[in-house]
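Naming follows writing order (A, B, C, D, E and F), and every chain is counted from residue 1.
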Amino acid sequence: MPVITVEICPMEKEKKAEVARVFTEEFSRISGLPKESIVILFHELPYEDVASGGVLLADRK
Amino acid sequence: MPVITVEICPMEKEKKAEVARVFTEEFSRISGLPKESIVILFHELPYEDVASGGVLLADRK
Amino acid sequence: MPVITVEICPMEKEKKAEVARVFTEEFSRISGLPKESIVILFHELPYEDVASGGVLLADRK
Amino acid sequence: MPVITVEICPMEKEKKAEVARVFTEEFSRISGLPKESIVILFHELPYEDVASGGVLLADRK
Amino acid sequence: MPVITVEICPMEKEKKAEVARVFTEEFSRISGLPKESIVILFHELPYEDVASGGVLLADRK
Amino acid sequence: MPVITVEICPMEKEKKAEVARVFTEEFSRISGLPKESIVILFHELPYEDVASGGVLLADRK
């Protein structure tokens, strides 16, 4: 049942696959819960939908 | 004010409409809160943005 | 894998149990996904942690 | 570290930039935390992914 | 329907009330949506439930 | 800016510290982003606030 949500800017599918694999293995190891019970959700946000310090990332580039 | 967020893989609009209708009616019946106060948000995620057991759903198919 | 998050003010355990049962049955019926794959999370928030129309619910009572 | 998530229907980039600027300045002023520590995330949802009163916004129009 | 979620460390009720009031007024002004439609949720997290740079805030103090 | 939210049942502080450390190091390694930019939030939920297969975890024990 653990649900891990990752809010990120656009990321290649291969990197998301590696994050999902590593996070699941590590969380299972630390918590003792089975890997099958762990759900990971990626929310991929465009640069105009994220702000840090009051400025959209799209306006920083 | 109750806010219900539904994280799903792609789903037809008609099914989302039925989920929204049924969840709102049932939650209103059980809680006693008016239907108008209930907000439902769907986060529709592509198969490469969801993992179960450490594997992206896109890599399972 | 569907994950349904319900943000609510304090609610009796029996009502949460009924919401969980009904939402899971209905979502499974509408989506065709097995009930075992559906996770429901309740975020129970105190009245001073929810605002509507700019006013905390704790200040409305 | 404060993370502010804004769930909205589609909104122009300029308005999101203004929301990000104002929310960051005001939250920094009220909390005393530096603006650089504040993250704002917009989840822009299509009208068929939001329901109020049991009806999708896409079916209200 | 806009739903604004604020993830914070413990904060006095008066400050949350001011955040709720100001965010609602400013979001209504910028978006043109009525204040009554805006919901704000605070998720107040203990210092051991937040990490930055890989370290729990509780271990920083 | 990446924000990782972990929804879990009660977990010892030491395990949360290890999850925070490992997730931050691994995400930084895979994404190339600096560790300082990564925020991790734990939402620790009581057993009566989580359901799987339509049954609250509190009613499973």
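Throughout what follows, contacts are C-beta pairs under 8 Å (C-beta built on N, C-alpha and C of every residue); 3 or more make two chains touch, one makes a residue touch a chain.
Fair warning: this is a prediction, and the values are worked out from it, not measured in the lab.
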**Item:** Third chains touching both subunit E and subunit C
**Value:** B, F
**Item:** subunit B-subunit D separation of Cα centroids, rounded to whole Å
**Value:** 20
**Request:** Just give me the whole-number Å value for how far the CA centre of subunit A lies from that of subunit C.
**Result:** 23
**Fill in**
Among all residues of subunit F, those touching at least two other chains are 1, 3, 7, 23, 39, 41, 43, 50, 52
**Prompt:** Touching pairs of chains, which are they?
**Reply:** A-B, A-C, A-D, A-F, B-C, B-D, B-E, C-E, C-F, D-E, D-F, E-F
**Item:** Of subunit F, residues touching subunit D in the complex
**Value:** 1, 3, 39, 41
**Message:** Can you tell me which positions in subunit C touch subunit B when the two form their complex?
**Reply:** 1-9, 11, 15, 18-19, 22-23, 26-27, 30-31, 50, 52, 57
**Complete:** Residue set of subunit C touching subunit F in the complex reads 13, 16-17, 20-21, 23-25, 35-36, 38-44
**Asked** For subunit D, which residues count as touching subunit B in their complex?
**Response** 7, 43, 45, 48-56, 58-59
